[in-house]
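Labels run A, B, C and D following the written order; every chain starts at residue 1.
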């Protein structure tokens, strides 16, 4: 037997990275996988990998907006692919709106009557969307000159540069020159607002340009690594960026609650990605089955410490 | 107590709709939900609802291509929103390529060496992608005149009309005038091919136009119903189509293996959608937790029978 | 490529076993697994395997009581291992009590006030437990002579023989000489009632005797097969029956919604069981990820047809 | 809106309880639930609750043996209900055997040939079971006088007192007078060994006595609380302990990856338990959907800190 399981030793007041070290000695089950994710992340940082992070699911409403922003500012991520919803909810807060703590068992008809939209146990008051609308329309007017035909990444960069909220991940990314792709931008409330704007203004969000831009990043990446929070378009768009290059990801960390058996990409194993050439044959990979809002903070806090 | 649970009675050689009837009398657990899904689907057909179907996950590679095609031809669905992958895999077969029965525990490095891409236990030989590439490029040239700026739905309609394979759901949809939206089309192999084509040809896929087109359908829909296979962009794009109208879905059926607790839209309950106004306060809804490849055939076969 | 995926073809009024045949030609995803489960079950019947069925989860309250009873009467199962809850709920109905169709989102405090116990969306009125108590005590007095020290299987056999309800699986099993083990019988409402009875009567339920009895069955079994509905004690007790013999299961079918990553036995793969020698190295096995109340009826109906 | 979501703020070198505090301010999704679990646990300790812990799943092989032992020694738990497997694996290590770090994708036939039993990614060398057998038989002879008829809890208490390994949770529990119930003891390798012993010795493990003993604890408990690691028999046996008393649990924390829809008790919500009177109408409860090996260490470390 290579290594024995050493049982996790807890101590009052212990640090997160001490716990991760215990998990590493344990080496099995999800605890072992969290430790392996930290190990891979640290190696990516040591190797100065280009780190692509996919942000699916409701990461921003769920309380990880600041963690994303800090990860960008601390150079823990170099390229982002996000859902339109995560961009929308970042902007809601950047414009002064809020998300509230709610109840996932609430009566949704009553919430509707109270003009509250629910995301599991997060409440979004209608007012937040009104603030969003009031602010995004003039902002689009500012950044989209007539006849604009730009990628989602270019649009989000221009928007990010205009923001004043330092806690916005879009602002942090724009400042740090971390591209933020949103290839399904039409599929979001931000997309609806852009469409409304486009009714009177001749503009196009050209997501084929996003393909071109991410392909260039994939081609030029140094020992590329993928950190996938949930699945969906962000996971696939990151992985497919390698399909037109001779390259593949040398590292991959996946945090998900989806399961592989139904066959969708969101729950697919990282092994499967090797058959496609998206992930390198000898890549270091780990899938942590768990909720991003618990797993990601542990990983990032541990990575910040020792890196 | 309103109604007692009546235990499911099985008979040798029984028909699917007899089983569904037993499940209806049972009325609980997933069996009861399958029966309720059939009941709602039948009511949608009786009410001549406009039925929006979301096709997430690997429905086409997983063996449901013909079921989709037949559902379109038999007027069981009126609007489709699909992932780029499902469009890609429909086209692969329309062009003469195949998917093969594989092994989800295979060595993916070996598969890579054999030039086989894996989707759970489905194998896609590299040849299938080559057939796809060889055929899609001239087809794009045929349907995309210079300077084209069209929606994903318009592109898929034009492609569908050119196909000769009667088993293609894209062809069936084009013939039956069932729009097929693919708002994240850039996020697929089809998208990569369109991008390659666009390198030498000035074309744009304008997904903001998709918003406009689906909004019109949502506004004009009669007693709209949603049938959601998996989550992802198709689910959200169908639901958000109601956000800019005063309307909402009167019926919703969801088949998914995702769970609500991580907070992402894919696993969200249909109740949650009521708080947003996507689903009507008094809508008839049901979520079946199960695999689409087992649940959808039961529902469709039962619906075909008695409708 | 060995075999191409053939897409499932649906027909109005089709029989369940026709659907299973389509799933077999498809051969992938959960549809393919349902077909494989049917194929294995048919082979077990052809080979006159001794079939051990594990009944975990709320199979009886969920509407499958009659299916179990019929499976026993039609020789589709030869040994049962059940949870105490499934025995309890079979007896509730045998004594004239009922389960009702309920609502999984009900207010449980209100249900408590209405004296209704909830099992997901099944309601058990307090009256059902009172009927159970009123009937089980005299029945125990009848079958447990003073000083009894018997296995759970012997107790359930004696109880089954006294029942008059032909729809009871305990009665069917007793009549067909199908042993029904319940090694965690203390962990159920039936167990609580036996304990109450034991307060005034010197009796012992000796679950070590259950070990002896199932070991004998395992040792003498012909080409043993396991059909596992859910996990828990039934799954483990069936599998461990092989640990003290030189034998192992030649067939295994597992229907479960649990997942393997947390490491518990309930979600463990059937491959893992090979490492223990519980399942033979060359056994035919399949795991269907799905809800028993949907998957089992399909399998049993298909097996009944052609066997 | 009651409280806004405050985004989790990470810091290099932060302590676990600082992270929990951030999660509390966040208040939503799984992060919020971990924080709520800590809050409930702290309140139980302040209130000097009698804390019943259910240990289902492969907690001991998965690296949490020491955490259990320390929780007992630090008065964080007062009554245990465990699976036979967790008792077995504690004893394996107490007798000098080991668990090893393995690979969940290993070839199980090869493992079988190498005499290694696999529990997800934990390997148990055959030698470990041999050490277990060599030690448990004389130990049983020591603690089970002829004609013994004892509960599982009494057996485990006597075994615990004989152990010399201070890291054993059975030893810690025996020393601290924390009862350890194992109502399904026949369903484990420990059970098989007891049965082997009983072949030559007239002994009975009387699990009806376990009912009596836990009922007394439930009746006498002060503000009883339940901490449920996974489901199975431990969860049910803890909950049913309240059914014959007029009382119910005032606190309940559940960590599980099972889901409620299939209807089994393991995945059932804590709300459901209120309808049965197992959990008090106004109890403080939380379910964390996640892996015990990650979630429990966070909770225990945070509780140790400030309590």
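Please note the rule applied: a contact is a pair of C-beta atoms (placed from the backbone, for glycine too) under 8 Å apart; a residue touches a chain by one contact, two chains touch by 3 or more.
Keep in mind it's a predicted model, so treat the numbers as computed, not measured.
Repeating the C-D interface, with the same residue numbers in over half of the contact pairs, is the pair A-B out of A-D, A-C or A-B.
In terms of the distance between Cα centroids, subunit B is separated most widely from D. The geometric centre of subunit B is 43 Å away from that of subunit D, both derived from CA atoms. Measuring from the averaged C-alpha position of subunit B to that of subunit C gives a distance of 35 Å.
Measuring from the averaged C-alpha position of subunit A to that of subunit B gives a distance of 25 Å. Shown for subunit A are the residues that touch two or more other chains, namely 28-30, 58, 61-62, 105, 120-122, 257, 259, 261-263, 271, 289, 291, 293. In terms of inter-chain touching, the protein chains here all touch one another pairwise. Put simply, subunit D touches subunit B in their complex at residues 28-30, 105, 259, 261-263, 289. Contacts from subunit A toward subunit B in the complex involve residues 56-58, 61-62, 85, 104, 106, 108-109, 111-112, 116-122, 149, 183-189, 191-192, 194-196, 198, 204-208, 210-212, 230, 232-233, 236-237, 240, 243-244, 257-268, 271-277, 281, 291-293.
Across the complex, subunit A meets subunit D through its residues 1-17, 19, 22-23, 26-32, 34, 58, 61-67, 70, 98-102, 105, 120-123, 125, 167, 257, 271, 289-291, 293-295, 297-298, 300-301, 304-305.
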